[in-house]
Each structure stands twice: as C-alpha cells, then as structure tokens.
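Handing you this structure, nothing more for now.
Letters A, B and C mark the chains in the order given here, with residues in each chain numbered from 1 onward.
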Amino acid sequence: MADDVSSKIKRRSFLKAGAGAAIVGALVATVAPLRNLKAGSLDGFFQQHYKRLSVADLQAIIARLEGEIGRDYGAAVSIKDPKPKPGVRFAYALNLSRCNGSRRCVTACVQENNQSRDPAIQYIKVLEMPSGTFDLEKSDQHYDHEQVPMDGKFYLPVQCQQCEDPPCTKVCPVEATWKEPDGITVIDYDWCIGCRYCMAACPYEARRFNFSKPEIPTEDINPNMGYLSNRIRPAGVVEKCHFCLHRTREGKNPACLEVCPTGARVFGDLNDPESEIRYIVQNKRTYILKEEAGTIPAFFYYFDV
Amino acid sequence: MVKDYIQFLGRACKLSFTGGSTFYAWMIFLTILCGIGGNAYMNQFVTGLASTGMTDQVSWGAYIANFTFLVGVAAAAVMLVIPAYVYKNKEMHDVVLFGELLAIAAIVMCLIFVTVDLGRPDRFWHLIPIVGKFNFPISLLSWDVIVLNGYLLLNLHICGYLLFCKYMDRKPTWLFYIPFVFIAILWAVSIHTVTAFLYVGLVGRPFWNAAIIAPRFLCSAFVAGPAILILAFQVIRRISDYRIPDKGLHLLRNIVTTALLINLFLFSCEVFKEYYSGALHSASMTYLLQGLEHHGETYTALVPWIWSALLLEVVAAVILITPLGRKIGYLDAACVCCIIGVWIEKGMGLIIPGFIPTPLGNVVEYVPSTNELLVCMGTWAFGILLYSWMLRLAIPIMSGQFSHRHGIALSSHHSE
Amino acid sequence: MNGTYYLAFLRKVTVVASLAAIVAGCSESYPPKEGLYQRQVDGEVFDITPVRGALKPLRYKRGSFDYACTECHNDFASPRRQNPLQGEHADIDARFDHGMNTYCVNCHHQTDRNVYVDHDGSPIPSTEPARLCAKCHGPTYREWELGIHGRQNGSWERNSPNRTKLLCIQCHDPHQPAFPMMVPDPPTIVTRFDVGGAEESPHSPANESAKPRGETEHGR
C-alpha cells in the first residue's frame, strides 16, 4: 500500500517535472528567433520627438547616428540639420511638353537620398500616359521601351506633392510627420511607429515603407546627409521625397532637377516675385493632380502649348 | 474586502487549472497554437514586416482586416445590453455578462492585431500623451486608441464588478455598474464608428471615402457578433449546467436576421452607386466583383471570395427569415455562414480593394505570407483561449458553484 | 591689301578660337570632359551632360575629299536659295534636319562662315548663338532668358553665383536640334518583391512586363 502511494507520488512528480520541462522548452522555442535581434541603444529608445530636441540633444543624437551608420554600412558620413530659410516657400513645376520619360530623375534621387537598393525604394514614379487623358488608371509606371519618348504618350513624374493641406500629417497618430515653414512635409524617422496610416491616406502614392533594414552598398552611399532628409533610415519607418531639403535649404537644387536631360523641372521660392516658379504659376496654364481632393499640392504641371 | 478579493484571485487561479480532460486538451491545443503564432511573431519582430505579404501598394493586409472584423464583434457583443438594461429584461442580465466577456476577448485580439501590424512596436510609448506625442483630436487613429482601450476598461470593470459581487453573494450597487453599462452602449457604437471613420476620412481612397461605410460596418458587426454569441451560448449549454434562457437566443437571432437584411441592402446600394454611373472611381468595386483588366493582365484574386461571401450571407438570410431559422441545427448553420460571410466581406471585401487600384492607377494584388497567417492564427487562438478561460471562471460564479462561502464546489456531473 | 587681309585673318582666328572654345565646351566626343558636365559640389557628382550627343559638324564629302564648309565658302558667297542641295552637297542634306529651316544662309553668313547672320544681313558673332536662334524661336528664347526653358543648374536662388545656364547649342545640335530619343532608365520596381524586375514576385500573382535589363546603352 505504501509502495503504491509512493509510486503514485513519484509518477506524479515525474509527470509534473516533465510537463514543466516541456513548457520551458516550448517557451524557449517560441522566442528563439529573438537571438538574431540586434538590440538598439538605450538612448535611441528614449529619443524624443525632433521638435522637442535642444540643439545639444540633436548634436548628441547626430553623433550617435553617424557612428551607427558607420558601423552598419561602413561609410563615414556627416549628418546636418539645415533649418528652413525664413520667408521661403518652395514649389516645383514640371513641363509636361518637355519630359521624355527618361527616368534620370528617379536614378539621381535614389543616389542622392540613400534609398534602399534591396528591397529597392524609389521616391519618384514616372507615369506614361496616353495623350488626351489625365485618367491615372490609364497610366503605366513600368514602361520598358527601347527608347523614349513614345508617340502618342506623355510622361508624368509623380513624387510627394508637399501639399498645403496634407492628408498624411492629419492621420499620423504620433505627429511623426508635419509641414515645415518652407512648405516641405518632413518625417522624423526616429519617431515614426510604422503604422502606415499615412500611406493609406496619401492620394499620390508618394510614401514608401522600409519593410526591412535598407541595404545600400558602401560605395553608393551619399555621405552628405540631412537629419530630416536623406540619412539612412531604420527598418520599419516610412519615407518619401523631401525636396532634397539638405540641398535646397542651402540654396542648391534638388537632385532630380540637376539631372533632368530636357530641363523639364523648375524649382524655387514662390515668395520671390521674380522667381521662375512664380512666373510659371502666374503665366502658364498649370495643372495639379487630383485637385478635387483639396490637398493643394505645391507641384505644378504645365504644357508649353 | 481586500482580503476577500485576494482570496478570490487565489481561488480563481486554482479554478483556472481545474477541469476535465476535454478542458485540458482544449486549452493545451490553444496554447500550442498561441506558441506557434508567437514564434512567427518573433520572426517578424526580428526581420521586420518584410516577412509579411504587404507591399507599398497594399500597405494594410490580414492584420488590419482581422482587426476591423473583431472591432465589430466587440461592439456587437454589447448589444445584448440594450434589451437587458434599457428594456429591463431581468432574464437577460446574466446572459449579458457572457456577451461582455466576448467583447473583452475581441478587444484584446484587436489590440494584439494592431500591435503586430506596427513597423516599430518598440516605439509604442510614442503614443502616450505628454511623454510621447498623441495627435488627438486630429488623427482618427488616436481616437481609436482611446475608444478601444476605454471600451476594454469599461467592460473589465463591469464584468469584474458583477462577477465579484455574485461571488460574494452581494447585490451589486447600482452606482458602480448601471451608469457604466449605459456608457458602454454608446461606447460600443463609437468604437466601430471610429474604426469606420479611419477609412472614410481618406480622400485619396475613393472606395472608402463614402458615407455608407460606417453604417455598413455597424450592420455587419451586428450580424457577426450576435452570431458568435449564439454559437458560444450553445457551447456553454453543452459544457455546463448553466441555464441560458431560450429568450436570449431568440433575441440574438432576431438581431442577426434584421442586421443581415440591412447589410445586404446596404451592399446593394454600394453596387448600384458604383455601376450605374460607370465613373472612373468604381475601379475598386469592379476589381472586387469582376476582376480588373490592367495593361493586358486580368486581376481576379478576390472575385471567388466575395461571391462566396455573398452566397453565404444570402443562404443565412434565407434560413433565418424562414421557419427553418427556429430549428437549432439550422440556426447554427446560418450563424456559421454569417460569421464567415461577414469576415470575408469586411476583411477582403472592404480593406484590400481599397488599395486596388492604387491612387496612381497601378494594380498590385495581395497574398498574405505564411508567417503572417501564423501570427493571425496565434492571435485568434489567444483570443479564444482568453474567452475560454473567462468562461471557466464566469460560469461557476454565475451558477453559484464558485462563491465566497464554499470556494470551488463544482458538481460531479460536469461533462468537461 | 596685305594689311586688310592680315586683319581679316586675325579676326578669323579669334572667332574660330572662340567658336572652338564653345564647341570644346559642348564636347566633341563622349564621355564628356571632366568638369563642365560633372557637377562637383561638396563631393556630390551628377552627370548632367545634355542630351544633344556629340557635335557632328556638317562636312562636304566627295570621293576622297572631305572639306569643312568654311574651306570654300569663306572665299565666295553662296546663293540665297540653294534648295534642294545639289550635286556635291546632296549628302549634307541627309544629316541636316532643322524642320522648315532648310537654307544654310538663314543662319550662316553668306560670305563669312565664322559668324551667323541677322535678319538684315548683319553678322551675329559666334559667341552669341542665342541671338541667332531667337530670330525664329522667339517664345522659346524669351523663356530661356527668363530661365524656364532649359535647365539651370547649381542653385534655385536667382542671384546665386553658382547658377549656370546652358546655351542653346549646348543642348540642341543646331543642324539636328530635335532631341534624340533616349534609352530610359530601368522601370520602376513593381513591388518590393522584385529587384530590378528580374524575377517574378512570389507573392503578387501577376505583374507588369518588368523585363531584365541586361546590357543597355544609356544615351548620355
């Protein structure tokens, strides 16, 4: 009788121990993938929103980011934070009579802004449209002709329109994206939580998401970076065209304009009454995309004739 | 009081692990599914959302589709509250509790789905006001965070309070739950309206930018939620002695029938609006119902799904409006058809076509990856596990077998 | 006679030298010279070579003879009308495509091939080609003056010293001014599952052409 009970007890303890071990084993197996996780720094975790950073904070953050990019990508980079020029309001015009669909702007943008090559991200999409319609559903983004331009088509490059009343900044739950005084809608890549609501909201398909950590060969990295613009983004955040603000806030042209072979692009300050962009907006028959959406883009399309 | 509460918690813990072999098998099975889902999520946490099937073009997929469906279920579960409290139907009072427990489980699943969908879940604290930056009231997503969490707290309070009072054999104080119950009625409508407004407010997505979306959401919620409850009640009847009045089932059946008919009507309104004028913006509806032709390719991935969903809903409607619907077996079949039909209609029939075609006219279809599906499965398993655990505690409390006086005194002929 | 001839010769040399300077700037061969079309500002390098292609001066070829126009037409005036180009000049015609402008002497001076000619016959120095183009392309010239025709590199600020404006003939070959067709850069990736369009996405059931690029010439 005593043997019976003791053997029952032994069996029960054995079963309990076995069950316990099985549970622990299962838990370990469940979280096993985490051993491949590269933990970020604690400073990075507690980093505040861009608008709340003091100058000293930002310097420290930039120093840390430069170090991280150096380690992760093997390139010595320098990140600046140019402030908007007072009284400037940027706008872009694109002459649809001149664009020949060469996509040089797409390539230049990718090179300038350190976009991931794998998976490939491109801020600018050039739409090949049949002449006579503005129905975007008839567009073809993936034309692959031997030569351009093709007869009976016109070419419509689309990138972030830097809207006056952007739907994307309205929907962001953490205010990671906002409109700066010079008209550029920017993203704080270290604040974005990756919910992608802004991507659903954008009527121009302007935003891209980093589904994984960007991969860029070291030799392709542009070391002149801006904190709100072309520094290499982390995984899980949204990015988009920012009018090359690390260039334009210092008086230079955006990369897409610099390489346009037909000179179809015009960029400048709408507040300057003598600027070319002002002339175009006041004198040419300009069109904006999806005017009915009420977003008031800063990107004007026009034809010469 | 506090001592009683702690004792209650301790006993509840013990009760959680008490049960027959069926109970153990069920819970272990669900736990294993959770584990698999958890493992899949760890994969996703490490590699990023690249492990899902989502793309820039279709940036919300299975996670948000399931989230949308479950918010509806959570909202509807509380609809029992109206007849019980507004119409002062004493018999319904106890039954209401099970509905609210379902709401808790559904809301927890919603919160999990939203969290696994984030690209940077480690930055969750950015949502906290003052410490982070909370874009309230402009961002609808911030409204959603408030209403979902508020609803969870409301229901946790109501259920917790009522159950604890029943455990203590005390009559619940009116002030501690009736006001909350009435708030919960309004709040339930608001959680699903806010979720609908997430989509309605987007001017760049003409498929969603329509006033009818919010009523459609609520209607389909009142189909799926009570249908789930009908099935849950029958499970409760089978696994315990607890008496669920037939009146409750009839009430739920009536809600499902009415809501289903209105849901079908609203869907046909949408179809008419898109097809009659043949305007350009009807491309998403065309994609959904017929398939879309784009640069020589035809895209029809969702067509079999939506037609199956419509068929299921019509079959369910026919069963429910005829005398067949009074027979329990047919009622169950109709409920299953409803749940699956609404799930497809809301998830694949509403979320995914909003992204196709894209605002620039491109067509990219979406197929969830295996990892994504495993995470979904794990989340559902967790929700069902949670509900099973809550029933494990609630049923003995409501039937008096788990009470303050004699602890856990389960009757011997429990068939679990 | 000697003095005037010598002066005329000196003038010719100066003009030819400036023309050569401009032409050299236009780059006579590809890849272009370093400096002018590689913008190097703070280490960033863009290739902003205009699309006009190599300078292809028209030459008169007959048998084994290969002459520049100036070798004969500096000494005697050519007739006002010479359409169609006859005989020895017929092959020049084949490489000359300036739309309705079919007379050489609409642009070139009748006796002095080193200058251009204005409406009234007075010369336009070869350092001011825009004045020549403006004779017929008024609206385009006005827009070029304003800065909205053609590309202005360097800066968007109007008064920036870094701003450069190209001359007409730096983008347009004057004898074939229409832009040649270009080979476009590779198509936009369809989804993130395609890298350069080489493979079909495992997840998107159907996608666009997205053919592999292979070797392609970029007509820069």
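Operating definition for what follows: a residue touches a chain if its C-beta (ideal position, glycine included) is under 8 Å from a C-beta of that chain, and two chains touch if they have at least 3 such contacts.
Note that the structure is predicted; figures quoted are calculated from it, not measured.
> Would you identify the chain whose Cα-based centre sits farthest away from the centre of chain B?
C
> When you average C-alpha coordinates per chain, which one falls nearest the overall C-alpha average? Tell me, please.
Smallest centre-to-centre distance to the global C-alpha mean: chain A.
> Between chain B and chain C, what's the gap in Å when you average each chain's C-alpha atoms?
Here chain B and chain C have centroids separated by 67 Å.
> Distance-wise, how many Å sit between the C-alpha centres of chain A and chain B, to the nearest whole number?
34
> Just give me the whole-number Å value for how far the CA centre of chain A lies from that of chain C.
37
> By residue number and range, which residues of chain A touch two or more other chains?
Chain A, residues with two or more chain partners: 119, 125, 140-141, 211.
> Which residues does chain B have that touch at least 2 chains other than itself?
Chain B, residues with two or more chain partners: 50, 56-57, 295.
> In chain C, what residues contact two or more other chains?
In chain C, residues 190, 192-193, 207-208 touch at least two other chains, as defined above.
> In their complex, what parts of chain B are in touch with chain C?
50, 53, 55-57, 295, 297-299, 301, 364-367, 369
> Name, in rising order, each residue of chain A that touches chain B in their complex.
Checking each residue of chain A against chain B gives 26-27, 29-34, 36-37, 40, 45, 49, 119, 125, 127, 135-141, 158, 167, 170-176, 191-197, 199-205, 207-213, 234-238, 290, 293-295.
> Which of the residues in chain B come into contact with chain A in the complex?
32, 35-36, 38-39, 42-43, 45-50, 52, 54, 56-57, 59-60, 114, 117-124, 126-127, 132-135, 138-142, 145, 198-199, 201-205, 280, 283, 294-295, 354-355, 357-362
> Flag every residue of chain C that touches chain B in the complex, lowest number first.
Of all residues in chain C, those touching chain B are 190-193, 203-208.
> Please output the residues of chain A touching chain C within their complex, sorted ascending.
93, 95, 100-104, 106-108, 112, 117-122, 125-126, 140-149, 211, 222-224, 248, 251-253, 255, 257-263, 265-269, 272, 274-276, 279-280
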